[in-house]
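Here chain A shows up in two complexes: once beside chain B, once beside chain C.
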Partner chain A sequence: MLSALILIPFLAAAIVGLTPLKGTICRNIALVTAVTTLGINIVLGFQFDFQHPGWQFAQDVPWIEWIGLNYHLGIDGLSFPLLLLNSLLTLIAIISTSQGIQRPRLYYAMLLLLSGGAAGAFLAQDLLLFFLFYELEIVPLYFLIAIWGGAKKGYAAMKFLLYTALSGILVLASFLGLVWLTGESTFDYQTLREHTLPLGSQLFLLAPLLIGVFIKIPIFPFHTWLPDAHVEASTPISVLLAGVLLKLGTYALLRFGVGLFLEGWVYLAPWLAVLASISALYGASCAIAQTDMKKVVAYSSIAHMAYILLAASASTRLSMTAAVFQMVSHGLISAFLFLLVGMVYKKTGSRDVNYLRGLLNPERGLPVTGGMMILGVMASSGLPGMVGFISEFLVFRGSIAIFPIPTLLCMVGTGLTAVYFLLVINKVFFGRLTVGLPKIPPVKWKEHAPAFVLLLLIFAFGLKPDWVTHWSEVQAIALLTGG
Partner chain B sequence: MTDFLLENSWIIPIYSLVGALLTLPWSLGIIRKTGPRPAAYLNIVMTLVAFVHSSIIFKLIWTRPAQQFIFHWLQVADLDLVLSIELSPVSFGAMELVTGISLLVQIYALGYMEKDWSLARFFALMGFFEAALVGLALSDSLLLSYCLLEALTLSTYLLVGFWYAQPLVVTAARDAFLTKRVGDIVLLMGIVALSNYGEGLNFSELDTWVEGHQLDPTVAALLGLALIAGPIGKCAQFPLNLWLDEAMEGPNPAGIMRNSIVVSAGAYVLIKLEPATTLSPISADALIIIGTVTAIGTSLMAIAQIDIKRALSHSSSAYLGLVFIAVGLRQVDIAFLLLFTHAIAKALLFMSAGSVILTSNNQNVTEMGGLWSRMPATGMSFVVGSAGLIGFAPLGMFWTYQRWFSGSWDVDWWLLLLVMFVNALSAINLTRLFRVIFMGEPQIKTRRAPEVPWQMAVPMVALTVVTLITTFTPIKWPLWLSPNTPLSLEQPELINQYAIPLLIVSGALGCVIGLTIRVRQAWARSSNIAVRFVQDLLAYDFYIEKLYEVTVIAAVSGLSKLTSWVDRYVVDGVVNLVSLATIFSSNALKYNVSGQSQFYLATIVIGVGLLLWSMLHGQWSIVTNYWSSIM
Partner chain C sequence: MVSTEVKRSKSYFIDEYIARLEKGDALLDDTPQNLVEVVGILKSYGVVLDAYSVNLCYIADTQFLKLFPFFKYFNGDVNTKKFLKFLWHDRINYEYAEYCMKAMFWHGGGGLDAYVDTPEFAAATEELIKAYFKYNPLMIGLHKAFKDFLPEQMRQMAYYSGLGQFWRVMSDIFINLSDSYDRGEIKCIPDVVKFILDGLVADAARPITYTVKVRDQEYDILPKSAGLTFLMDTGVPYVEAVFFRGTPFRGTVSYNAQAYEISYDLGMFNYGALYADPLPIGGAGIPPTLLMQDMRHFLPDYLQDIYRQNVRGEGDIRIQICESFQKSMFCVTTAAVQGLAPHPLNTEDSEEQMANRKYLKGWLNRILESQILKVNNQKTAEVS
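Let's look at the complex of A and B:
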């Protein structure tokens, strides 16, 4: 059943990419695929026993035995929320892709490949298999940015490729070193987890892994690929990049950083917490000075992803659960914001906060988009009732006992979120409509459907947070108990 | 039936929320045929239902002890987040006040906002606003109160920014949000820390925890200060006071709510938190100092304002300053009394001001005059509201002061002086306003000034009557008052014999000064430099805004520009430098591909030669050490 989550998108990608189908048919195939994977995930959710730590629905097939690679899949409370997020955001990305996109066959094939690759990485229980999927998803994303991107797409895509390839190499180096030092002949996660290496070697292996995932998350100072990639990527790709692909980094952080090198992790944790607070404040501070709406959201992503590092470094029972929750929360909110910024860009042709003004205008502006943007901004700055508040509250509450100063600094970052987003809202949506703005085509309700779905979830999880926390609570805590 | 209503009293905030949601078809423009009015009516009906429901419960539980309802919101890991509500005479008294004033304000808004094309959006926001306020009245948990305070911050932002196309409104909305947000974030820090140290976040649990806590004094002081930061922002106290003044750019009906109820809501939370503020003497002292500074400063600011709403809103900050002092002195009864009297009188004053603004299309008092004969109901409301506020016997504030200084509370001479000062300045301010608005010769904008339409006149007159009646409310329903010292009409004790006469004199003196000072005219200002300087100093709020501009705002924006520059040119610069270096060096290296075998041979010979040299000269250990260090 789990293989289906990988194989169906890959198969569909092959069909779409290799057969001479028309654009609309490609779109429909992609839609059906996305709905199917989402459906499978939901069914899995119903059958899944969240009280049980460890892998469920596992599949274990030896693949290349002489290098110790097994096709070993399974889900647990850590990966399930992210799988669900992945399938949901893939569907949303496909729906929000414009009908008349250039080269639709290649586009949808790449999108499905990306989604399947991310699903594979979340499912993999084998270190090498994880690495394969982790690298695999870079390729379609490179093309998605390089072909359908904006003006400086070549630069952004190449930067992304080099950075994340480096990230992959570092992660691989860490994995290889681990297998070598433990003397195992397999890359199986559970087997490796049972070994406890001396602290020195743990640190030695943890360091490349950390730098690798810091690039992916991204954490200051390895973040510079992200704003460029976001600005050049088209809206659906930004949604996936922020919502799913960054989560691969934090997922690896929890799964491998905490899961495999617990002692080393605890040793480094105070520094990581400091780094998290620097990253949060730095991201927020950069966001204030940006004039491109998409860059503001991108830098805000950097700031909000840092909270996950903070929570993970605190390593309390609560903060681990909160880290997973924050991943889901950030995935929903940033995807929502990117959709809305994309809508503004699509309708007005600009994202410049110094040019756009007064878009709340009910007759000639984008009032519904603006209204939702206000809600999205509030969700991001942690207004109660929406998912951003409770996830951040749990992060801070879980971390303050261990690292009070970094936690308080991160809370200052939350305060700054309101500053930079409110500046955007005030400039872009308030005031008089820009003079000389071409007539804005009205937004149909259908076009807002994906955003509505996300908004609904943002409210639902904000009011009933236990719907998310009970998925991951047991597993996240189990990570702390060592092998 | 009544039991059913009692059991389901948590639903009262939901009424307003439902009202807000019901307006969506109109505010989103799905229904256009009917115009936006039905949305407004729906909201008024929902508020009425909430008012009736809470009134019934109020009568029911009047004699009963407080009852708590606990709701487990989230249990995760070792944390159990509990939200709880309290059914007590106090909470329902507060709710009566909220729903009652909200009902009047919404009817008033029907008239005031008549010509506004987005009436439905306004009522949606009002519904949301009211829901948060009613919830705050019921809430018995710090976490829930925080959530509702944030909801208030959001709805204030949206209500102030209601006319979002005007430039002043844009900055006002932004400042209102960000100022309150500063307070809220600090409060959140306090809550997170408290939740970590304490037993639970319910007010009653906090009370017991505070008594036996074992905190370090510094931590306790910081915690206490963090907890009062939220109310400081919400009640517009120094240094977070300027938003309220700026927020006067928003629609007036929301301004009525803001100045009477919202500031009180912040103080209500503060009063609930009062035991926690005694965590350390520093936080209690901070309350008193902040309250004093605000009371003096904003009283002075108020008398120099020429915008009718701003003049009144500064005075709200001043009275809330008195509330802060009362809480800091742990005189909670007085704080409640002050809040209650101030809320009603201020609401009435703002209704009257709104009527003047609607009729004259103008907020600048220097362009008004002679409205007394033209707008009798409005003028009467202004007089009654003012009298209620300045301790004019036998209206509300008089009884409050009487109770405060009657000897049952421990008050000092400085407090009496301060209250006299606030009272006198308040009297000057209100008399001055009355003079320039209602007396004198009518000016261009007030010449053709009919009385306001009935939608506005009815709630205004009703509130005038209420202001007169509620003088006796605390005597009939001493809800919050400690039972052993009921508000009595007895002769004050000897030690404080002079307090009440002095206060009355201060009010009268204020009125006399207000009647005799030269009022500023739009076209003429004093040529005396000193007078002009003082006028400007007060009118521009002691230049606090300018001070913020050159300090906090400049720091944040400078820092953000700096980080952004560093990000672009240093952090990203290094990355690009590496890539450029790679490209250049590979470009340079490609000239090595000469095709001459001599060149390749020479490279190999030099490389091997270097290795051999290090072997022969005992330098080999560098190479081996390097490799072993990696492994």
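Let's look at the complex of A and C:
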């Protein structure tokens, strides 16, 4: 069943990409594929045993035995929420793609490859298999930015490619080193996890892994590719980039950083917490200075992803659960905000904070978009009743006893979230509509449907957080105890 | 192709608009689109004004001196069906008429404003108050303790009646204008202005009176002998209050402080209908929204079709109505400016021309600060 989550998107990508189908048919195939994978994930969710700390629905088939590569898949409380997020956001990305998109066959094929690749990475229980999927998703994303991106798409796509390829090399170096030092002939995660290397070796292997995933997350100072990629990517791609792709980095951080090198991780944790607080404050400070709405959300992502590093550094039961929750929370909120910024851009042709004014105008503006933007800002700022509050509260509650100063600094970062987003809201949505702005076409309800779905989940998980935490709580303990 | 944008000084536009008015043209550009919008919107405005007028006169005639006139918007027909409709808000928003009345009352001007402060008015209201509260010693006692309260209520009632009578005439003019247009007699914007001007002139001397009845005894609050007339004592103060200074259009100019849209000179703020920024229409609590909401129910089909062709269809219809309404008010203002001019504007006598130009310059100095240049797609230089 788990293979279906990878094979169905790949098969659909092949059909869409290699056969001369019309654009609408390609879109429909992509939609059916996304709905199917989401359906499979929901079925898996009903069959998932929350109390079981290990792998479930595992599949282990030898693939290329002489290099130790096995086709080993499985899900646990860490990967399952991200799989669900991936399938949901893929569906939302397809729905929010313009029906008149250029070169639809290639576009939908790349989108499906991206989705399948991300699912494969979350499912892989073999380090080499994880690396293959981790690298695989770079290719479609490169094309999605380079072909369907904005004015500086070539630059942004190349920067993304170079950074994330380097990230992959570093992660692979760490994995190869681990296999070499343990003397194993397999890349199987569980097998490698049973070895405990000396602290020096752990630090030696953890360093490249950390730099690799810090690029992917991204954490300051390895972040510079992200704002460019977000700004140049189209709205659906920004949704996937923020909602899923960045999570590959934090997933690798928890799965391999904590899971394979626990002692080294604990040794470095105080420094990682400091780095998390610097990244959070840096992201927030940069967001304040931006004049492009998309860049504000992009820098906000850098700040909010740093909370996951803080929570992982604290390595308490609560903070590890919080890290998973923050991944889901950020995935939903950032995707929501990117959809809304995309809507503003689609209707006004601008994202410039110094140009746009008064978009909350009830008759000629974008009142529903603006209203939802305010709710998104409230969620991102951590207002109670929404998913952002729960995730940030759990992160800070789980971390403050271990790293009080970095946690307090991250809390300042949360305060700054309200500052930079309210600056945007105040300028762009309040006051008088921009003089000379061409008449803004109305937004149809179906155009807002993807954002409504995300908003519903933002409230649902904010009011009923145990729907997420009960997936990851047991697994969080297992990661810390080596279980 | 390189596009260039020409910006001209205010004095240039004053000269241009003086020439335009002397030629017999209107402040508003004469285009087929403007003609359809102005006539269509004035038709719906006429229907709404009729309802406003009836209600204002009803309140003045029957709700005077009532401290809690709960059902003043029901015109004496209170029943459950009407009450539920009222609560549902699918009704004429009479509140807008009261906003206009209060604007006139506040800004004053004209003979009506002067008369309500005369001893004759005070004596008439005193007599009325005593008769009305003849069997109510509590109110008579309160009246003695607070001498200004009830007379002030009657001053306000005089304005209810005055505006009601003014709108009665204007409503008929606008409906007749629409009928003339339908018959093909109105072909351009100057025709619209002429029609309105003729209507104003025809009723200029119409007396404004106000009489109430208490137990079969009539009391002349504004007697015919006061000499109050339609044009100078209600029309001109109305134009001044609502078109230029207008309380009812407060809130329609919204500013964003962070975008440096707040003027350092607070004297630059104007809230009249001619200055109103149509964009905030649709916002809760903004009085013009009520008027636009009322007018949208009575739009002629040809105007509705034009609005539907807009980018947002009927989504921003109230703003489109406000824009058309503003255009129509420039036509009414043109008629008022022409009607009040010291000499015919097409005079060839140089002394009369000089007097006219001095008179027109005074108006245009104010009018050019309004939305007229924007409505006519003209741009003025920042330094004028």
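Here, the second predicted complex is superposed on the first by the 482 of 483 C-alpha atoms of A that agree within 3 Å, B and C clash if a C-alpha of one lies under 4 Å from a C-alpha of the other, contacts with A are read in each partner's own complex, and residues count from 1 in each chain.
The rule is simple: a contact is a pair of C-beta atoms (placed from the backbone, for glycine too) under 8 Å apart; a residue touches a chain by one contact, two chains touch by 3 or more.
Only a predicted model underlies this, so the values are computations on that prediction, with no experimental measurement involved.
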Contact-wise, after the overlay, does A:473 reach chain B, chain C, both or neither (first, second, both, neither)? first
Under the stated touch criterion, which partner chain does A:154 make contact with: chain B (first), chain C (second), both, or neither? neither
With both complexes superposed on chain A, which partner does A:358 reach: first (chain B), second (chain C), both or neither? both
Chain A residues in contact: does chain B have more, or chain C? B
For A:270, is the partner it touches chain B (first), chain C (second), both, or none of the two (neither)? neither
Looking at the overlay, does A:411 come into contact with chain B only (first), chain C only (second), both, or neither? first
Which partner does A:426 reach: the first (chain B), the second (chain C), both, or neither? both
Of the partners chain B and chain C, which touch A:317 in the superposed model: first, second, both, neither? first
Could you say whether A:439 touches chain B, chain C, both of them, or neither, answering first, second, both or neither? second
Overlap of the chain B and chain C footprints on chain A, residue-wise? 358, 361-362, 426, 430-432
Chain C touches which residues of chain A in the complex? 357-358, 361-364, 426-427, 430-433, 439-442
Hey, which residues of chain A end up touching chain B in the complex? 159, 162, 220-221, 223-224, 282, 285-290, 316-318, 320-322, 358, 360-362, 367-368, 374, 378, 381, 383-385, 389-390, 393-394, 396-398, 400-401, 404, 407-408, 411-412, 414-416, 418-419, 422-423, 426, 429-432, 465-466, 469-470, 473, 477
Interfacial residue positions of chain C with respect to chain A in the complex: 253-256, 258-259, 261, 277, 279-283, 310-313, 315-319
Chain B residues touching chain A - in the complex, by the definition given at the top: 28-29, 73-79, 117-118, 146-148, 150-151, 154, 158, 161, 164-165, 167, 169-171, 173-174, 177-178, 181-182, 185, 188-189, 192-193, 195-196, 556-557, 559-561, 563-564, 567, 571-572, 575, 579
